[in-house]
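Below: a set of structures, written as structure tokens.
Both of the next two complexes hold chain A, though its partner changes from chain B to chain C.
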Partner chain A sequence: MTLLDFARGPAIHWSLIILIVGTIWRLLGVLVLTRGADLSRPRDAFGNFKGYRTVFSRSWPSGEFTTTTRYQTAMAYVFHIATLIVVIGIVPHIEFITGLTGASWPGLPNAAGVALGVIALASLLALIMRRVSRPQVYCSSWGDYFSWVVVAAPLVTGLMAFAHLGPRYETMLAIHILSAALLFAWFPFGKLMHAFWFVFSRAQSGVAYAHKGVRI
Partner chain B sequence: MAKEPTLGALLRSQGISRRAFLQFCSATASMMAIPAGMAPAMARALEQTSRPSVIWMSFQECTGCTEALLRSHAPSIEALIFDFISLDYHHTLQAASGHAAERAREEAMHEHSGEYLLLVDGSIPTVKAYSTIAGISNLDLLLETAAGAAAILAVGTCAAYGGLPKAEPNPTQAVSVEELITDKPIVNIPGCPPLPLAITGVVAHYLTMGALPELDHLGRPLSFFGENIHDRCYRRPFYDRGLFAETFDDEGARKGWCLYKLGCKAPETYNACAHVKWNQGVSFPIQSGHGCIGCSEPNFWDKGGIYDSVPMGQFGAGPKIAVAASVGAAAGAGAAVLSRKKKHKTEAELPED
Partner chain C sequence: MSTVAADVPVFPAFEQVFQGFAGQIKQLREMAPEPRLSDEVRVQRAIDTLIAETNADEAVWLESCIRCGQCTNACHYFQATGETKYAPMRKMSLYRKVYQRELGPFRWWYRLVTSPVKLKDLEDLQELVYDSCSECGRCAMVCPMGIDTATLVHHQRSALVAAELVPAELAVMRMEQKHQGTVFGASADALHKMIDTIRAKAGIEIPLDKPKAEVMVLSSAVDLVGNGNGLLATAKVMNHMGVDWTVCSSAFESANFGLLSGDMRLWAKLVHPIVQTAERIGAKTLVIAECGHAYPALRWNPMLKGGELPFEMMYMSEYLGRQARAGKLRLRQLKGRITYHDPCKTGRRGGAFEEPRALLKAMSADLVEMPANKEYNWCCGGGAGIFLLESATRLRDESFKIKMQQVNATGADAVVVSCASCRLNFESGRFKNHWDKRVESLVELVADHLVEGDRVGSVTPIQGAAA
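So, the complex of A and B:
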């Protein structure tokens, strides 16, 4: 079995299994553990609605923080959008998803994929530089840095494989798939789970505050 | 005993001009990545070479490798080189049969012990009964013949890596030459079939340089297998622009767009098909409208479907993702129940206000 056979065979298969088991386990494990209903009368008749609205309204910093978080907000948006387009927009990724689900859609030209990958990587570097230079803001743990490495690795290896740089193509492709496998396997256990948690955490705190009549 | 003719004399007798011969030497030197200045030296060496003995063993094979070579640029200088070498045993081509054929092999092995080239096509069944020649198993025949060979050329993917006979479930327990012979220099010239120029090129290199060419990590001559087909494919610009044939009869297919989505294995396949081509440089599979099937790579038959594209996952028959989702749900529910119990217990232990 070659490295590529291992990567696109058992490695990616088991990483997807860990991803799914881990994500459902963590989601259910936390969501079932809800508090009982708050029986007090809400201060605001539209409290719950306003609470759920925070799922979207917190996608943007409050006015007071616009200036201080401008760099971080801009870079985070650039990173998330560029990464999303790369993940679902370049042909090899679409082929992988098609192989898994049967769904298919048109892909981007390679040059666009490379450009977006470079933008995603540059914004990810910009974010880690801020994190490293402002330890008092982030209080980072090793898990945060590990998550960053696990996200950066598929971008670096993917760009190299896509542009046919570095080792032989099949070796680079195998390394890229392995790095994606590591990302999938780590996903449920680190802060990458914010991809799911953000909906529930924003809604939970929004509802709690709105119930108490806090302006949100 | 009459002096054996040299290759130069043979070519002249066949009406091949010196210009054509030098063109062949330049082309071969170029293909083998030998400096251009070496072409005249190669010509001199080839001209003065006398007939080397070659034994060609065919085991579990389809004769496609021999066919490819014989039906190449006929009549070509490559073919004449094969006329020129003393092909002392090749049971598809030789006139002799039965005991006479076996005697020819034994005589060649005896007379040229330690000097003859052994060419092998086909894989070798280690379950001996599956394939025998003159009552001798392929395995014993290879071990016996390889013992006196100067070098071995494993021609075709079956000889080089086991090929189709070795594909799952491999009922004959087929293996490649290099899995059995470890004490002889071996060159793998894979392909199903291999490019004829790759076979004659390696033979010409051996005759002129007295040594085997530089090989890659899979034992293939770098001069023919040093680059992947994707990098040399004339359809590559369409790949870069994101233009793909989606089916074999759509607009993209008619316009000659990239066949990547139709399972073309060119990005992971190393061979010279895209620039040497077949039938006197007329075409190669991708040019004919079908993706590369990766036939010069080990175990190509077992690497997923021919029409599955390179980046597709190969999930096989292992645990399925739906099962994983169920396990995750069960684990999550279990974790939640345990947590709730713990919470209730903690609440019960709290002192009442």
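So, the complex of A and C:
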């Protein structure tokens, strides 16, 4: 078995299993806990439901915090959108997903894929530079840096594989797939899980404040 | 002349009240109880408390933080000092550690790789959850995950109660209210004396212990042992409206040091006599004195089935605002430009935004909002008991400068507050900074601007008794 076979075979399959099982385990482990009841009378009879809008409204900082958060908000948006398009938009990825699920859709031109990959990597660098340069604000843990490396690695190796940089192509591709496998396997254990938590966290706070008639 | 009080001050000005309080607070430190339990037991009790108070909400919030640092933009203590340890996200680190080791889905792993919580960790936590967090909730307004750090901080206060690590001043106040049932010695006797004084000197009648009344009004220790003007003003306004009201000597205290210290059991215990009394006298409305945290202690008490109570609970500003809207208050114009400070506990964490503004509007006030107002209001720095803590003096003073900038930006001559704690803190800040703004209490302002004569209703104040 070559390194590429290993990457395409057991590595990616096991990492996906860890991703799915781990994510379900972590979500369930938290969500099965009881919910504390707030017995006080809500300000408006059905006002609490308005709280769910926080799930969406918090996707953008309020005007009060525009200035202080704009760098991070802008970079975070660029990173998430560019990465998402690269993950589901370039031809080799679509072929991989087709191999797993059978679903298929047209891919982006190579140049666009490369451009988006570079943009995603640049925004990720912009974010880590800020994190490193202002430790008093970020209170980073080792998990924050590890998550960054794990997210940056597939972008770097993917671009290198495409540009035929580094080791020969098959090896580079294998390394790229292995880095993606590492990302999948790490996902349930670190802060990447915010991809799920944000819905619950925002909803809870939105409802708790809406209970008192406050829109957050 | 309408009332004697308008011309001859019955009670000292709030500035003097503040000076008196400052002296009393200093003495509290010396009376602080010593820990009785062993270190191991204290740590275990703190952990057990956190485990018991952690539901899915808390777990999700603890899981959600991505250390993005946005919350530092919102916190007045961090903004005022720039010190890392005051970053809101740090205030939940120890809680997260306990959660990950004891409850989290990967607890077997965290028990292997993290060290157990030590008493030293809890001692360090004291400054983070008491001195440097007024539970104002402003960080929840910016957090992209929507984490409500204030709630998590409050659970940690509960844990520190269990670990006998409540700061000295709050510990003394908690013990006094727990064992004597008083705050700053404000007993039923003090209430009787204050009511007698107000009757004798100002000629204002305060209906005490009526067997039945529509409205039950709470007072607060600040009113009873220091600022008699608060209760006097309340009485003037209630009588002006001709409301069927009473103050009850079996339950008159708004302040709740159970809530402030984090002692949930004491919080619940202190609420019972108030609820029972209000039910006994058939009150339709319970009015909470201008004492910010008393609003969440009663109105938003999560342990109290509010929907089943036969009465409604309202904060003073909320009640008066509704009365003003209903045209029950006849008010003179308020001269000069003012701004209004939303106490965290009644504003962002209470939702009573519009009523105090309606009240000021009823006085045709030239109200200019601060740049950050309502949900985004900056805390004055003295909430959640912090005003009492000597160890928090620097944090309070530095963060108050943000508030001063906010008020100064409005060009107002006076800032109106509706919370005794905020008011004491504003007064302290005004004094230390030689600030040229006046600090006004909303209810006292209303009392001073009542249009007397042609009174609605039956209750007429006895006038001129002390003339």
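Couple of notes before you dig in:
The rule we apply is simple: the second predicted complex is superposed on the first by the 208 of 216 C-alpha atoms of A that agree within 3 Å, B and C clash if a C-alpha of one lies under 4 Å from a C-alpha of the other, contacts with A are read in each partner's own complex, and residues count from 1 in each chain.
Everything that follows uses one rule, which is that a contact is a pair of C-beta atoms (placed from the backbone, for glycine too) under 8 Å apart; a residue touches a chain by one contact, two chains touch by 3 or more.
Treat the numbers as computed from the prediction; the structure is a model and nothing was measured.
Within the superposed three-chain model, A:Trp25 lies in touch with chain B and with chain C [touch as defined at top]. In the superposition on chain A, A:Gln136 makes contact with chain C only, not with chain B.
Of the two partner chains placed around the shared chain by superposition, chain B and chain C are both touched by A:Leu33. In the superposition on chain A, contact of A:Leu183 is made with neither chain B nor chain C.
Legend: residue contacts after superposition of the two complexes on their common chain; A:Lys212 is shown touching chain C, with no touch to chain B. Within the superposed three-chain model, A:Leu16 lies in touch with chain B and out of touch with chain C [touch as defined at top].
Once the two structures are superposed, chain B and chain C can be ranked by residues of chain A touched, with C on top. After overlaying the two complexes on the shared chain, residue contacts for A:Asp5 are found with chain B alone; chain C is out of touch.
Of the two partner chains placed around the shared chain by superposition, chain B is the only one that A:Gly99 touches, whereas chain C remains out of contact.
Overlaid on A, the two complexes show chain B and chain C touching the same residues of chain A, namely 25-26, 28-33. Contact residues of chain C toward chain A in the complex are 53-61, 63-70, 72-74, 82-84, 87, 89-90, 93, 103-106, 137, 140-148, 151, 299-307, 309, 347-351, 372, 375-376. Against chain A, in their complex, chain B makes its touches with residues 228, 230-231, 239-242, 244, 260-261, 267-268, 298-299, 303, 308-316, 318-319, 321, 324-325, 327-329, 331-333, 335-337, 339-340, 343. If you check the complex, the residues on chain A that touch chain C are 25-26, 28-41, 43, 54, 58, 61-62, 64-65, 68-69, 72, 76, 131, 134-141, 144, 189, 191, 193-194, 197-198, 200-206, 208-209, 211-216. By the touch rule above, chain A contacts chain B in their complex via residues 2, 4-5, 8-10, 12-14, 16-17, 20-33, 91-93, 95-96, 98-100, 107-112, 164, 168-170, 173, 177.
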